[in-house]
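Dropping the structure in here first, questions after.
Chain nomenclature is as follows: A, B and C, assigned in order of appearance, with residue numbering initiated at 1 for each chain independently.
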Amino acid sequence: MRTHFQESLDSLKGKLLAMAGMAEAAIDAAVRAYQERVPELCSKVFENEVMINLAEREIDHLALDLLAMQQPMAVDLRFILAIIKSNADLERVGDQAVNIAERVMELIALPRVELAADIPQMAAMSAQMIRQALEAFISGNAEQAKRVLETDDVVDRMNQEIFLAMDKTMHECPALIRQALDTLLIARNLERVADHATNIAEDVIFWVRGADVRHHALAEEK
Amino acid sequence: MDRLATAGAGAAAFVVMAPLIAIFVYLVVRGAGALSWAFLFNSPRPVGESGGGIGNAIAGSAVILGIACLIGVPLGIGAGVCLAEYGGGRLSTLVRFVADVLNGVPSIVMGIAVYALVVVQQKHFSALAGGLALGIMMIPTVTRATEEMLLMVPRSIREAALGLGVAEWRTVVSVTLRTALPGVITGIMLAFARVAGETAPLLFTAFGNQFWNWNVNQPTAALPLQIYTYAISPYDEWHRQAWAGALVLIVLIVGTVALVRWVTSRGVMKGTG
Amino acid sequence: MGMSLSVRQLNAWFGRRQALDDITMEIPANQVTAIIGPSGCGKSTFVRCLNRMHETVPEARVEGSVIIGSRNIYGNGVSPVEVRRRVGMVFQKPNPFPAMSIYDNVAAGLKLNGFHKRRELDEVVEHALRMAALWDEVKDQLKKQSGASLSGGQQQRLCIARALAVQPEVLLMDEPASALDPISTSKIEELIFQLKAQYTIVIVTHNMQQAARVADGTGFFLLGKLIEYDATEKIFTTPVDKRTEDYVTGRFG
């Protein structure tokens, strides 16, 4: 029953996935720009931002229409709620990519320097979290979503380490304050990306299980 | 095609009404001449004397029919209620069977039966016996009409009353029957019109009377009887009175039915179908 | 004030066919409880067991108990007629008495039970019609207009007034708005919301959005069994049983 509705839900999921792809690509481009110091990659990030915003608007409209027209209940209702919220989180991920690209543009203008911050590794973890959260979304797998929640701690720790390292660098080498600051901010942006991945994972769990795990420690969810 | 059907229906209606109109016209032609106030209010006079009338017969018929209704209507409605509301089962089949048989009994046989059961026991003719015979003849029609009209009342009306905490018998009387009343009254009028013109049953029960009589335990005149008596007589004068009497009988029956319809329609609420 | 209902192991049959299977549920006082489920699931039968109307059908049978307040309506010596005065019912298709005026319709429950005091009847009729939000529309035509001459929505409100006039403690409504247009439906739903302050209301509906709008608690029936019974928002956002979820999402039914 309700094949038309089911098709609409599937279409909505597809659009969210496509948008997630764009957001992931944006983070990836920004981090590569950092590694290779290539300003063209940053320009690409700035351009694609428009596409991401358009996609966000489209998904919101579709979700709103479905709510109004189809009166979804229970699991369908929770699904659409998850779509709407993840939609917002992914758009913010796109924003974070832009922020990173802006920092990179500054870094490129400054003298190159090796700092004690493994940005590529942190970026890889955050990107993987986003990917995992979206995979959990596609397959409706709450277990997979829970693993994303666990990884957030690792990224938080990495952010903390980079903060302390940059703090030390700024004290010891005042000439490198700008680079250190930019690097610290990039780390902060990546930590935000991980947070958004966590939000998406929580939304998946609520959709699939009807269990509200937001703002609770994992231990309390049992 | 539609117009052909309409024309056909109109023709059929005319064919049905034609004998009725013909009879009425014929009665008027043959009988109007003998009509007069004296005719309507006087009792019969011997042949040769003028001024004889059917007044006592009209009164007698009224009394006899009144008794018939008192017997036929309650019993008929009661049986109808039984069949409609408590139907199913062997009792209903029996009641229905008896009603059908009663309907088929020739009126003269009914008269003879009441003669044997009542007149012979009492050793005299009476309006009561006549009323009894006619009343019994009314029962099947009233029963059938009551049952059918009650069954036509939608179940939802009954349920509404039951849902209010009204007892079942009260529901039947005050709600279902009240809703079905117009149809039931039609049935009663049909039965009335049928027995109002019956002659044969009265031959052996009310027997007829040349004089005014208000005692229900005595032989009483009745309009059909009087018409019959006049009609089979050898006198022209009485023949003319027979025609006039027939005319009066038809007018009275039609008039009574119309009056009852008018009175009951005034009681029906505005807005119901 | 409304009463709570306690249904314990309620079973019902039509002849040999079992229509209700071991239903147990607590219906709280002064709340609206909705009964939902696909056609033939037994929801109408269930509600008709709550005022002993089920047994008016030939060969119908009930086992189990329904305790209203503190008395089991199926207890020994309890009269069904008495039960129906405490538990009122409004039916799916409005059924005002066609041979009675509006006034007589509302007063019917009282008059037919022998209560004839004129002035008090007047008060009861007015009060009931006001509670049913019908007074202003009919107050000039009370005795002249027949119950059947009103519009569908007005007829249903008349039936509600009629049920309220006998001052029941519980009001049962079997799909009360399914035969009505959206505006009348909305008026009836508004009415239900106001009535629950004084009555306990049980409403059968096949319209899930209606249940979601008016009910505090909702019970889902399937094939004569009570599958799930919980707060309405829980049934419609996070139901526990898959069958409930399939039904409320329209996967079947």
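One rule holds for everything that comes next: a contact is a pair of C-beta atoms (placed from the backbone, for glycine too) under 8 Å apart; a residue touches a chain by one contact, two chains touch by 3 or more.
Since the structure is predicted, the reported quantities are computational estimates derived from the model, not experimental observations.
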{"item": "Category of the chain touch graph - line, ring, star, complete, other", "value": "line"}
{"item": "Chain nearest the overall C-alpha centroid of the shown protein atoms", "value": "C"}
{"item": "CA centroid of chain B to CA centroid of chain C, Å", "value": "47"}
{"item": "Whole-Å separation of chain centres (CA-atom averages), chain A against chain C", "value": "52"}
{"item": "Centre-of-Cα separation between chain B and chain A, whole angstrom", "value": "95"}
{"item": "Partner chain C, residues of chain A touching it in the complex", "value": "1-2, 5, 71-78, 210"}
{"item": "In the complex, chain B residues that touch chain C", "value": "88, 154, 156-157, 159-167, 170-171, 174-175, 178-179, 181, 268-272"}
{"item": "Chain A contact footprint on chain C (complex, rising order)", "value": "208-209, 212, 235-239, 244-245, 248-252"}
{"item": "Chain B-facing residues of chain C, complex", "value": "51, 53, 56, 58, 81-86, 88-89, 91, 93, 95-101, 108-109, 112-113, 144-146, 148-149, 159, 162-163, 166"}
